[in-house]
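Order of writing sets the chain letters: A, B, C and D. Residues in each chain are counted from 1.
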Amino acid sequence: MRTIGVVTSGGDAPGMNAAIRAVTRIAYSKKYQVYGFERGWEGLITNTFKPLTPRSVGGIIQLGGTILHTLRCPDFKTQKGIRKAAKTLAANHVDGLVVIGGNGSFSGALELSKITDTLTVGIPASIDNDVYGTDETIGFDTAVNTAVVEIDKIRDTAISHERVFIVEVMGRTRGFIASTVGLTVGAEIILVPEVKTRTVSILKVINENSVKGKKSGIIVAAEGIGDTRALAQEIEKKTGSEVRLSILGYAQRGGSPTARSRLLASLFADRAIELLSQEQGGKIVGLKNGKIAVTDLKESCEKEKPLDLGLLKLAKVLAT
Amino acid sequence: MRTIGVVTSGGDAPGMNAAIRAVTRIAYSKKYQVYGFERGWEGLITNTFKPLTPRSVGGIIQLGGTILHTLRCPDFKTQKGIRKAAKTLAANHVDGLVVIGGNGSFSGALELSKITDTLTVGIPASIDNDVYGTDETIGFDTAVNTAVVEIDKIRDTAISHERVFIVEVMGRTRGFIASTVGLTVGAEIILVPEVKTRTVSILKVINENSVKGKKSGIIVAAEGIGDTRALAQEIEKKTGSEVRLSILGYAQRGGSPTARSRLLASLFADRAIELLSQEQGGKIVGLKNGKIAVTDLKESCEKEKPLDLGLLKLAKVLAT
Amino acid sequence: MRTIGVVTSGGDAPGMNAAIRAVTRIAYSKKYQVYGFERGWEGLITNTFKPLTPRSVGGIIQLGGTILHTLRCPDFKTQKGIRKAAKTLAANHVDGLVVIGGNGSFSGALELSKITDTLTVGIPASIDNDVYGTDETIGFDTAVNTAVVEIDKIRDTAISHERVFIVEVMGRTRGFIASTVGLTVGAEIILVPEVKTRTVSILKVINENSVKGKKSGIIVAAEGIGDTRALAQEIEKKTGSEVRLSILGYAQRGGSPTARSRLLASLFADRAIELLSQEQGGKIVGLKNGKIAVTDLKESCEKEKPLDLGLLKLAKVLAT
Amino acid sequence: MRTIGVVTSGGDAPGMNAAIRAVTRIAYSKKYQVYGFERGWEGLITNTFKPLTPRSVGGIIQLGGTILHTLRCPDFKTQKGIRKAAKTLAANHVDGLVVIGGNGSFSGALELSKITDTLTVGIPASIDNDVYGTDETIGFDTAVNTAVVEIDKIRDTAISHERVFIVEVMGRTRGFIASTVGLTVGAEIILVPEVKTRTVSILKVINENSVKGKKSGIIVAAEGIGDTRALAQEIEKKTGSEVRLSILGYAQRGGSPTARSRLLASLFADRAIELLSQEQGGKIVGLKNGKIAVTDLKESCEKEKPLDLGLLKLAKVLAT
């Protein structure tokens, strides 16, 4: 009998539970036992875990959040913390550790992997989609759809009041959510950190739209572009028309995962357990060109995933 | 042949289109023709309207917003503006005017009714539910459900991260949305403008919950209570734990109306046209004790609707 | 210390969990302990229950179904079964029993109340809304909204294909769901068991609509009207046009309860516990004229709740 | 100035409107004018179309159905019908025709392409996902999510009543919807036409689950497997336990498209117009290995898209 540990770390993402369930059930089908470390890295430092079984992960595939909880864990950023975690793994004879999380979690996993014999495999789960080594993270599709449904509602009001709305979506320092959401809600303007946009260009588009008879408009802005409140005020001042700001908040992180987020969770877990059963560690799984693929954990931590600027170009044409 | 005008004014509310459809079709069934004034009171000042027919209002019952649009209209707050509106009604031989909106719209309607022979009937439509003369406004149930669905998602993250979240909901100066939403999401604390709550009391509840093992919590706050950002920072400072703020924005105003908002729209419109057909004006229709009832427009404008404090008391027991 | 039992029985309805939570927490606030009997009446016959505490009913307000489960229990229809249940109540010193369910559950409760000293109070929970003594049951609003959302989607296809659709909704032998859903989706025709409609009348409406240019149409039919498949075929034969049938199934019973279903659950539970604390039994709580009210259990079992035919009349005018 | 025609044909799929919008706006950006043929192939036979402009396709990206309507058109299956369509294209100087639809539509387009100079490009839109040449069709993701949301609700009732439910999903003769839905709702059993499953195997799984303590269960069955009603009765007879059947109907075809369905619609349209601008016809666009790709129309019509049996295998492990 061998043992696999699983931990969810960093910001939660819809589909983490589907991944926990899949990791557990697939591991059991291969005769592993599974320990679920609780509250992110803290569980590894404090040696807090619960055994996960096929029955104990029943009825969670559709739930948002993570049954293992996830906390920020400053201790894990210290060598002392990482050494404690390594000891926990050794003490419990954990042969393989599945880390479900985003960039930050993978950096932690990389540090840990340097001082432990436990093999580490990462499953990318983050609404932000900013993980190198996968075209899509678990939770991204859900967050995007949550934002799209919200903005479809805001558009009702925008049209009724003939107003311009700025809608700030999540995405940390990147524009993945903003660009996909912007294109799919038909936003007039999309603002992402990767492309600097001057206010004068925004005003030009608003003006042109007004001339075309488009009196309302949706500007989708990534949180990473900076102060959207100030932007709203500036546009209001320059155009003389009311501009409303709506910051789509933490609802983007929660909710029942979409089919796609659940599917990715299941496929990623399948490959992750396969890697561990082949004694491979120091990897992350991911989706590349429509197929499940594997990337070195180190490479994932070091490289930055590029944003598809083609989407933004297409969105501009579609917003005419 | 006689003529009924219809106008949507003030903030939009889901179900306004259902009301426009019902007003039009019921009026036609009684052999009236219907003019839809566009962009709120502005349409009355500028004499801008379109004829509405049973066919032209087809396929709108499920749409958020208002096909007649609605704007703030500062001109209508002047005597000159109101006189222009009265002239528009006279020039087009409008015998009855149905005003679909909230408090502000009804105040406007009251002023107008003083200088026109056109009979005026109000249909209360506002997400805020703050209209005297009706237990429920069109759009309130939809806004409440939108907020509840959002907060159910936020709770996923709150539980996963074991954090306290403050969620600010709409409601202008009143706590109707906050109290119903707070009770139905199982909020630990509900803050409304009608009941002053000291921060020390909030901290006490958070503390007690922490002792009970409730590490996460949802505080639902009405926008009318003031600066929720400052409150979040204060609680954070005093508890030493992270507190997150999520301001549910304009999505609460939009979206497809719930069955209940559509039903109220239809029932209100039915009674409104009945009143006009009986040559009665200066009234608003509403829901009182589960039945459709009529209140004087003047009374509705002058009195303040009380908040049911029993709900807040019950919510406190339920949050134990 | 005194003891309250709670049981969910009959078909499940969204909001039953909200009611269980409210019963438990309100009872605790009055120093009662609470036993949750499992699997409907079977739990009373087999003496199977679990203690419910404010903590154990946490995190369920938003869940469909019932954490206490509910089964059909033929044994409870026998005197022997009912006697066993009475013994269970006596053996566990249950002073008050809250029965959450519909008509059938209340009939069982009435029989039981005849041979036990335990006070019995019913909380009406049923998607069908067919309980005498309340204008609305817990779960009705949710089921209606689920059906409305579905039919809004079906309308997309109906319009695109210019076809007539028959949509069968639940409601057992009654037309409460069908009439409210029909009105609020703007159905061209509503068929309920309470009003016999001849096929020739249906064909007449379809014909008239076709002349008016309405090529698609939605017929909302209560399951209680009989064989909708045969009806679809007959209309198809007589009109020469394709007619599609969609039977909205068990999804109407499930899903997260709407705010209104949660609110009713909380208000009903509050009054139910108040009744028990006043040593009153043999009652059901309900909503009458917008207020929480009480009806004799016997009366509720014996009388039939009338359907509001005014809604159907209004729906006909609105479908023009 | 050159002209592009667009037609939606066959069953409607969510995202068709997003595709119409994208085709129109991208075509305009390249200085084409666009004609929208109405009611599927019938519009080509009867020469019925409307000019589409960037403004006239505004506000439709989020709508289900198709603003161009789509009908079955038996005439188009005759040589006479196809010749008429070719004449319509010639008479209106249509240089390129974009056909938005599924297999049947593409067969029609292939026949038409043999006798017209108009270049034809297909955009795969079908909830069934059964088009060779693309890994995913427009509308598939939406239909899958609609089914998943429904089944999540049905699971509430299944668990509460400890019953087995068979849920029939769409997919015509194929199992694409069933296999993705089955995996992502955590179905105990998935039945698709591509894999014959004997009732005895189904009974075995139900039995094993019962032994494991799984009293409820979801069987997801593709409509293509045959009579699900008979299957339900057979299982009921053989197990002695109630089995409920729910046929998810036409709602799967409608509703607001998911972000992914909208995104595919936009990307497919972009490539389709690019092909036409390069004077290439007789092609379909599609998604292959995560990229937009092109396939010969003839090949798409002649080859059958394989079902990923790996998904079914994984689903089996995940259902343990």
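Definition applied: a contact is a pair of C-beta atoms (placed from the backbone, for glycine too) under 8 Å apart; a residue touches a chain by one contact, two chains touch by 3 or more.
Predicted model, so just to flag it, every value in this text is computed and none were measured.
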Both-way neighbours, i.e. chains that touch chain D and touch chain A: none
Copies chain C and chain B - interface residue numbers shared by over half, same or different: same
Distance from the mean Cα position of chain D to that of chain C, given in whole angstrom: 35
Distance from the mean Cα position of chain C to that of chain A, given in whole angstrom: 40
Length of the line joining the C-alpha centres of chain B and chain C, rounded to whole Å: 28
Residues of chain B whose C-beta touches two or more other chains: 152, 155, 159
Chain A residues within the chain D interface of the complex: 21-22, 25-26, 28-29, 54-55, 58-59, 61-62, 135, 141, 144-145, 148-149, 152, 155, 159, 180-181, 183-186, 212-214, 256, 258-260, 262-263, 266-267, 270, 287-291, 314, 317-318, 320
Complex interface listing, chain C residues touching chain D: 8, 12, 14, 39, 63-66, 69-71, 146, 150-162, 165, 244-251, 253-255
